[in-house]
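Going in written order, the chains are labelled A, B, C and D, and every chain counts its residues from 1.
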Amino acid sequence: MVVILKPKTSNEAIKKITGELEALGVTVNPVIGTEMSILGLVGDTTRIDPSYIEANPNVERVMHVQEPFKKANRLFHPENTVIDVNGHTIGGNKIAVIAGPCSVENKEQIALVADEVKKCGASFLRGGAFKPRTSPYSFQGLKYEGLELLNEAKAKTGLPIVTELMSPYDIETFVEKADIIQVGARNMQNFDLLKELGKINKPILLKRGLSATIEELLMSAEYIMAGGNEQVILCERGIRTFETYTRNTLDLSAVPAIKKLSHLPVVIDPSHSAGKWWMVEPLSKAAIAVGADGLIIEVHNDPQKALCDGQQSIKPDVFAKLMEDLKVIAGAVGREI
Amino acid sequence: MVVILKPKTSNEAIKKITGELEALGVTVNPVIGTEMSILGLVGDTTRIDPSYIEANPNVERVMHVQEPFKKANRLFHPENTVIDVNGHTIGGNKIAVIAGPCSVENKEQIALVADEVKKCGASFLRGGAFKPRTSPYSFQGLKYEGLELLNEAKAKTGLPIVTELMSPYDIETFVEKADIIQVGARNMQNFDLLKELGKINKPILLKRGLSATIEELLMSAEYIMAGGNEQVILCERGIRTFETYTRNTLDLSAVPAIKKLSHLPVVIDPSHSAGKWWMVEPLSKAAIAVGADGLIIEVHNDPQKALCDGQQSIKPDVFAKLMEDLKVIAGAVGREI
Amino acid sequence: MVVILKPKTSNEAIKKITGELEALGVTVNPVIGTEMSILGLVGDTTRIDPSYIEANPNVERVMHVQEPFKKANRLFHPENTVIDVNGHTIGGNKIAVIAGPCSVENKEQIALVADEVKKCGASFLRGGAFKPRTSPYSFQGLKYEGLELLNEAKAKTGLPIVTELMSPYDIETFVEKADIIQVGARNMQNFDLLKELGKINKPILLKRGLSATIEELLMSAEYIMAGGNEQVILCERGIRTFETYTRNTLDLSAVPAIKKLSHLPVVIDPSHSAGKWWMVEPLSKAAIAVGADGLIIEVHNDPQKALCDGQQSIKPDVFAKLMEDLKVIAGAVGREI
Amino acid sequence: MVVILKPKTSNEAIKKITGELEALGVTVNPVIGTEMSILGLVGDTTRIDPSYIEANPNVERVMHVQEPFKKANRLFHPENTVIDVNGHTIGGNKIAVIAGPCSVENKEQIALVADEVKKCGASFLRGGAFKPRTSPYSFQGLKYEGLELLNEAKAKTGLPIVTELMSPYDIETFVEKADIIQVGARNMQNFDLLKELGKINKPILLKRGLSATIEELLMSAEYIMAGGNEQVILCERGIRTFETYTRNTLDLSAVPAIKKLSHLPVVIDPSHSAGKWWMVEPLSKAAIAVGADGLIIEVHNDPQKALCDGQQSIKPDVFAKLMEDLKVIAGAVGREI
């Protein structure tokens, strides 16, 4: 941590603040400049709150040197984390494809889509039972019935289930009924929910918030990991920018960034990022080329009748063709699907 | 709602989609252009999900005409909503000042600050008992003990309490111990929490999410109101932009925008937006000049020792001076403090 | 300047890089940490390009300590700069109001508007002769004829002229025909134009780019000042964010920020920022309350017939009423109009 | 174009505004709703300025239906534009790789880099002679001497030259000395420069502005094309967002978006977008997978000694390896390098 002092801070004041900082358990190395002076802090600074130091009237600002996350940090865990769900892995050489409808609508729909994506080579089934919607008047999901229908589809296809949790009240049910619990972008900094998820033994798919930095995403993973649950899969799903042509702007550079900073697996959601079904194909290819560990794709048997996000869902035949193309791209970067 | 069709959509296809749209309970008026055609939808479109229509392969895109919120809409509720809390109002001619420390730290601190802000003319006491923090290793608040200390301060000063709720588990406790329940920026789209808050009878201070549009903020208010609780106070606290000099960019134009779109009161948080204590004064003045109904300001007796956000807290003497200045500004715009 | 080294950089490598940095004319103070080490650079670092240092494979990143601007920096020029144009000042106690139409359309229009704004107390006349338009098919301004009409209006009213320059070819003409030369947001980093403007003796109104940081705005001012022309007025006119309700998001916190960092005057453009005429009034009031030195407001005698930006122009009677209100706000912050 | 009227606009007012709109040369189809009415405009609306209509007090807002660009629009030019420079093409099946240093530094450097990138299979040589720099105190390029050195390198390698123009004064020189004239991100809306470039017969590489939408980029291309020069190559180089880990956020979804909207070729700049040399490899792969027509990559023989942007330049041996990898990816998407 580096503390920049205000111009013309007196030696006496520097001495005083040095003492206060050392009381926090770090060593302070002052660098006295002509216009400004800085203090270099050596030691474990992850538990020091920068705003505490910035409140000092002699402090101009505080800059991080080390990343503020530890358990998610590749520095202390150099090898990749590989999550294993009943033999299906995320984070290893094989690219994981999670596919299924935006929301579970009825028994036939989820059974049919599950069957189709399984045939095409998907290794996980996605489907929303509890749906976060901007409008209280939109379809909110089949809820517990949706979870049951997902489990019926799993029973037939063997595909593990990825589905979104919205309330801490449902954690026990999800531990029983889901294989990977998804935390949506809008809940990425619902810290109370993250803490609860830190106490369970179940992989978490944590989506990046609409305007969360990569560091904040990793800090949210750290919340879960600090509680004891180290099975976290990160998901880039587009960030909010000024561009309005796409629903969100997919930040593919987040993949090499996260790979450098952390050992956790990263998957890409090309459906929500663009919000346009015809962009799913090029963005999925790019995601694999850039080094993602998996994809989470919306597939619907009849997008025009979909109860949500039909405009960004692809049909099973498009998905089948896409999976063929993705195998070639995966091969080109030394991986398999 | 306006539906833009793809170029070269056939008459037959237009007829078919018209039929499908009318089945949703609206009247469809087609406008056939040379390059493109559009369909004008007349009727109650608030319950129609645009993505449902966009999934149609002949549809280019769908545009809102009416706002998607109803209960929060000034169109259907022309007069201002005024929230009354034990005789202290928000939304009327008098500007409400909510002041207090970022977090409740101990009995002496909250008692002292409550006393000071009361003396200066604040009408509500703020103070965090449950703290949303980016890092799991930062101070997380005194929790239930914090609520008790707030109530002790209230007993002495008579100031109603504004404090943040983070988990649905605590709603009952907050209904009992808080006068206004704050929903933080990071929970603005925690829809499950919003639904629960729609069922209680207690004013809610809803903070705008870091990257939430004004429309999304109003849709979140709509979630609470749709459940039956119409006592919602909106709070602009800075949005996330590319600028890094300030912690967030305070969007003061949101005040006249919300005033036009909605009848709900709006308050400004100048402390979190800038993240710098010396900006609280000019931004508070600007907030009143632009038409805000209130301010929520961080005041701390000893910012350098504050357990959180000390760098953005002002001292009681600065607050006292500020209140004097604000009275003059309020008078200049025909209001009082 | 602080140089953060990569974790595990050897002592030998630190020694080597220290030597290279000292060759750039600075003193290097190393702070050796357990996980990471940093180098504190003391001396004049404004001429060191951080990317040069970042290219070193042992360097993690480089952080500024001092601002990279000098002539625009308040540190080296503590008192406010006041620009004097024929006795009308910008930057002093009196708030400067620059008013007029988006574009000069014809002799009658500019004469009439000039007359009206003069009567209401504006001290400068604005009006575009050369118009930057997103579409090549939109009205591009009356060009040289527009400059002449502005000068006729000036002859009658005595109001100095503020008008936008788009091409270096026209600098000589503008030196003769304009009193303050405006550089538009889209040209804020047209460095060749800035360099040319550094060579003349005429005040420059430099608008902040749509996505320019405050520091970048000051660096663009520095370009002009480094050339010898120190009469620069900065203008905040809204930045581009994700919010679409307003055309841009007015960043009023930029005013206290610039006032702290620089001695240059700052004016606010409430017309372009919101893009809605009915927001001009509240945003103008807020601008004065927050400490701006002036306003630049679009006034048109018949906005519905305006050849550009009619939706954000106010009529003379609205302007007259606004000026009355602004006098009260100015008084409330100890200034006059 | 769709005109949304204010709620409660009278029939008389609708009749009046209809007449005014028809006077602009379009047919008006009214859709009268219960809460709001809209007017559908049929005909050529590209020359109608929406702000003109929005200035009408009965108009709520105006929405585009058709894109405002014509010459750049795929609707009127369905086949891809292929730019041919001395037999080297951009926009066809072969992916064009433009490589070279950020800036030309001296004869040996540019000769050496040109030779290396040629050997690895690059088809164009890039190199800045005139450099847009944020700071007036940074190296500004070798200018005319740089152009000469580029031409010497071209004479030896046969690689056509891509280099940035900053001032209209230099257009004639660039027509003679450059093969493709680059317009930098900061000049994307320097409309006077664009107009001048519309008059020449030389391909233009137009970089997307830091906060320019895809539509604005296409409108800037339209400026050049409207003048008669239809040889425009678009370049996505990262946009400005809230994320600070990367210098800019590369928007790869812009590639399929532009391909749908326009017939012009698109290239990706992976060096400027991330600002980190180790991200060039994954982002280049992703760019080809997503469908880009080319890449523009910074290669430097000695990045640590580079006079600019060394931190984002790759060495010739890294470039050689990258080109091998890219051939495989290109093959996987049915293209060649």
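Convention: contacts are C-beta pairs under 8 Å (C-beta built on N, C-alpha and C of every residue); 3 or more make two chains touch, one makes a residue touch a chain.
Remember, predicted model here, so these are calculated numbers, not experimental data.
Sharing over half of its contact pairs with A-D by residue number, the repeated interface among C-D, B-D or B-C is B-C.
Counted by C-beta pairs in contact, the busier of A-C and A-B is A-B. Distance between subunit A and subunit B, defined via averaged C-alpha coordinates, is recorded as 26 Å. Subunit B and subunit C have Cα centroids separated by 31 Å. With each centre defined as the average position of its C-alpha atoms, the distance from subunit A to subunit C rounds to 39 Å.
Among all residues of subunit A, those that touch two or more other chains are 211, 240-242, 244. Remark: subunit B residues 211, 213-215, 239, 241-246, 249-257, 260, 273-274, 278-279, 282-283, 285-291, 325, 328-329, 331-333 touch subunit C in the complex. Interface residues of subunit B facing subunit D in the complex, by the touch rule stated above, are 2, 4, 7, 29, 31-36, 38, 40, 42-43, 63, 65-66, 75, 211, 240-242, 244.
Across the interface of their complex, subunit D is touched by residues 46-47, 49, 51-52, 54-57, 68, 132-139, 166-169, 186-187, 189-192, 195, 210-211, 216, 219, 222-223, 226-227, 240, 277, 303-313 of subunit C.
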